[in-house]
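In order of appearance the chains are A, B, C and D, and numbering begins at 1 in each one.
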Amino acid sequence: MSGCLQTELAGIKLRTPLMAASGTFGFGEEFLDFIDQADVGAIVVKGMTREPRKGNSGRRMAETPAGMLNCIGLQNPGVDVFLREILPQIKRLDTPIIVNINGNVQEDYAYLAEVLDASGVAGIEVNISCPNTRHGCMAFGVIPETAAEVTAAVKAKTKLPVIVKLSPNVTDITEIARAVEAAGADAVSLINTLVGMAIDTRTWKPVLGNVVGGLSGPAVKPVALRMVWQTAQAVKIPVIGMGGIATANDAVEFLLAGASAIAIGTANFVNPQAISDIAAGLASYLEQRQIGNVSQLVGQIKTGE
Amino acid sequence: MAQKTKFIEQARVLTNEALSKDVYRMVVQSPQVVAACAPGQFVMVRLNGAMDPLLRRPLSIAGADLSSGNLTLIYRVVGRGTQQMEALPVGARLDVLGPLGRGFDITGSRLLLVGGGIGLAPLLFAAERRCPQPVEVLAGGRTKEELFWTDLFQQSCKQVHVTTDDGSLGLCGACTDALPELLAKGEYDGVLTCGPRPMMQRVAALATMAGVRTQVSLEEHMACGLGACLSCTCGAADGGSRQVCKDGPVFWSEEVDWS
Amino acid sequence: MSGCLQTELAGIKLRTPLMAASGTFGFGEEFLDFIDQADVGAIVVKGMTREPRKGNSGRRMAETPAGMLNCIGLQNPGVDVFLREILPQIKRLDTPIIVNINGNVQEDYAYLAEVLDASGVAGIEVNISCPNTRHGCMAFGVIPETAAEVTAAVKAKTKLPVIVKLSPNVTDITEIARAVEAAGADAVSLINTLVGMAIDTRTWKPVLGNVVGGLSGPAVKPVALRMVWQTAQAVKIPVIGMGGIATANDAVEFLLAGASAIAIGTANFVNPQAISDIAAGLASYLEQRQIGNVSQLVGQIKTGE
Amino acid sequence: MAQKTKFIEQARVLTNEALSKDVYRMVVQSPQVVAACAPGQFVMVRLNGAMDPLLRRPLSIAGADLSSGNLTLIYRVVGRGTQQMEALPVGARLDVLGPLGRGFDITGSRLLLVGGGIGLAPLLFAAERRCPQPVEVLAGGRTKEELFWTDLFQQSCKQVHVTTDDGSLGLCGACTDALPELLAKGEYDGVLTCGPRPMMQRVAALATMAGVRTQVSLEEHMACGLGACLSCTCGAADGGSRQVCKDGPVFWSEEVDWS
């Protein structure tokens, strides 16, 4: 692939612009049988919290038309176990590791940023948009002021690149994006899942244990692409685009819309080789058009008549 | 990189026939999965390139023939995915991901396999792998409609005990009703069970009372089958949790938090 | 079907709770070959404006995974032609006609309400959520105050039941719902389309002439169902649920979530018999469970443990 | 209620064979559509019950045999829907909605049919319906790969004039290059054309100059095919607009706003 996919984001060198989206790639090792690490730009690990978390009880997943709902609820071993047991393992993959951090209060985010600062991870993704925890989290992501405060609190504790992950469940995502940019975010990533639900018509109960869950997969792609396009025009910091990306063609759409890098989530479940398949497809797309590097696609959508 | 243990194969459909009104057996050419798999493991199948239905479907491996590379799946048609599977013509391709998860420990000199309905599928593979060492199977079904299981097990089993809810075949009642007597005289050193959760819980309780260790095969809704999405978490007796797709689907009954 | 589907909404008698969603059923006559009128609770006609409208130029439709994007842009003959030429025709269907009204300024809505008041239509649906017109329309629907003002202006000009159609492109749809309820709305309908887009990777241009369009179809169902559930708990006025309904099972989910009636849109394109098929399926669902009338399903979701 | 003019049929696939590398002909049993349809009309087909691909695909009626109730479709494989169509085995069901739209006026004593590529499909039906009254056809294609069209038209046409972009068959160039000469000596009283919009525009211009009225078959992206969704609006010469699916797809060239 001759480096035509090589790029850089907020100071992080990426072999390809294709990241593994948080919560959909485990800690990366689950996919070793299927993915050539050279195709993976960065692995964003499952959402971390200060303390270990069991996640939600009851059913956590439901398939929907061209998509899925999940209410995992941030099940994770806690940041200490991550740093002690997991990180040393996955460092061997020699792929940039970005840690997705989550909290109930601002101090949680600050604490996590602090302990991760010198851990050797490549960056931090601040999740202020998780729809699956009863208190907090998403609340931060839908109000510009709180979103900015969390961002500033994290920036104050780390020199690592800070990516803020935005919620699509808002009236104007560019407003939130501008707020976190002003607060010092080095990049924004979007979209997290849309809040949805399903009902079991036999039992009259919600299908998911948490009643509502996050919608992801191809179904949400048109909404994600629109938000990435709007946000890329609204901020100067780089945008990481995601939401329903399953093919190289999807990837090109997000790059043209203004995403400097993209993340693949649900598609990893459907096709564990998705990231490698997309990398190959993207490389040949560039080759056919004699485009030297993928960054030349970023934001090149032609909207003017 | 470590040796590959999981594979994705576009497996050719060799046969796809009805065993009863709503249960089908599909045999596909999947040499890599066959070579790597063990009883109790499963595969995730994808039905077409389209985005609906989106997710793969988990199915137990019901048979794997090393010489031919043939993989057998036995499935009940319950929804859109299995309906599409039923419609797959011979010669079509089934996208198979596997083998996945942790299977049964089939060592031990006298094993009793206890299965309810479609839960008998993974036990069939266990019985075959044990051949020529005989195992006994206790098969519970709804009606004699499910007679076909007896025939399938006959080849590889010393004895096939059958119960049906309506008594139309074998003993009348749940298979757990027949279990105490078997355990009493059977001198088994292991029980393998797969079926509805309440049934497995009861089987495990009875076997434990009789001093026999039990392995159970759990079921959860799964998105990835690889331990990545955390959809399939189940509670463990130690207060922690496990991923059914990766740490299971087979667990020792004492590992499971049955509450 | 023995009247088990008969219901009533904001004073409008409905033979079934199944309405044809605005913009997806023409003026009703297009489906006469496929639909038994006895299955149609009400027909909500294409969005009307004060003056005739040509709609958007360029491509207006794009298929997406389990959904579609449209940017029709309110093409319509204008309310005068509607009243003079079309309404007399479709009155013969003897199905309640609800007129979906749209404007650029508040006065447009007031004017339309006034001229429709005595026209013999069964009700008015105030569309403050159309994503496909450059100025106005959706702007009204995302701010509680303006949404309330438009509602009050319409109510002041008509005695007809006034249904306000809500946009899903907001942070908190219940806030808008409560605002229009307070302003006198007799019912709310939701969801209108989610704003999305698609890009042609050969030309690098947006697929749609209007750049963005409205996403509809099964893909949006989980989001629509969640919003209907939230809104039904937030307001006392009846809720008309829609968004991706394609089967009787989908319909039951929306009723259980709290919708008093539902509307079918995109499904009419895929299956012109959809409304009749859903009516039959709904009737047998009730019969199997010995439920005398469909209204007994409304809001019966069991969320408590 | 007025007499039904449109139908939905689950039409059995009788044949589905390749005519060239990427063009296929499918014949299905669709008696109601066949009985009601006229040349230039089209159907909307749905490929499977699944929700992806979601929408029906518009396809011209390329033939309709009243005695057998057989409907012929000729399609080029370009995307997901037509790929799935290609994969449909004989005996499978195709969900057909039609006949839709306004067709050609095929009265007139000397008609010239001018088609480019897959645009020849509806013209083939027009030629058949005119039998035994002969028509002439001018068929434009890319290469002799598309020779099959000549064979298809031979049966029902007095003369088949062929052009190919690469000259590998018939005259070299676009079919519009051969048109002036034909119009000069042809004494036609009508031209029917279907193909790429620029080609149809040119055909209409040339024919009008020669004093011959032209009917063109337009193409637009369609969701409903029934005039309900307003996806397929096109500009009209009178400054108004039309729905290609309902007012068309066939229009008199002078009705169309070509700008």
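Operating definition for what follows: contacts are C-beta pairs under 8 Å (C-beta built on N, C-alpha and C of every residue); 3 or more make two chains touch, one makes a residue touch a chain.
In this text the structure is predicted, and so the values were computed from the model without any measurement.
Student: Could you quickly compare B-C and C-D and let me know which has more C-beta contacts?
Tutor: C-D
Student: Between subunit B and subunit D, what is the gap in Å from one C-alpha centre to the other?
Tutor: Inter-chain centre distance comes to 53 Å.
Student: What is the distance, in whole Å, between the centres of subunit B and subunit C, each centre taken as the mean of its C-alpha atoms?
Tutor: That gives a centre separation of 47 Å.
Student: If you average the CA atoms of subunit C and of subunit D, how many Å lie between those two points?
Tutor: 36
Student: Can you give the whole-Å distance between the Cα centres of subunit A and subunit C?
Tutor: 34
Student: Going through subunit A residue by residue, note those that touch at least 2 other chains and give them in order.
Tutor: 65-67, 217-218
Student: Which parts of subunit D, given as residue numbers and ranges, touch two or more other chains?
Tutor: Answer for subunit D, listing residues that touch two or more other chains: 51-53.
Student: Are the chains arranged, by touching, as a line, ring, star, complete graph, or other?
Tutor: complete
Student: In the complex formed with subunit C, which residues of subunit B make contact?
Tutor: Result: residues 51-52 of subunit B touch subunit C.
Student: Which residues of subunit A touch subunit B in the complex?
Tutor: Residues 23-26, 30-34, 46, 54-55, 59-63, 65-68, 70, 72, 75, 217-218, 246, 266, 268-273 of subunit A touch subunit B in their complex.
Student: With touch defined as at the start, can you tell me which subunit C residues reach subunit B in the complex?
Tutor: 65-66, 218
Student: List the residues on subunit D that touch subunit C in their complex, please.
Tutor: 1-2, 4-8, 46, 51-56, 97, 221-233, 241, 246
Student: What residues of subunit B sit close enough to touch subunit D in their complex?
Tutor: 48, 50-53, 80, 84, 89
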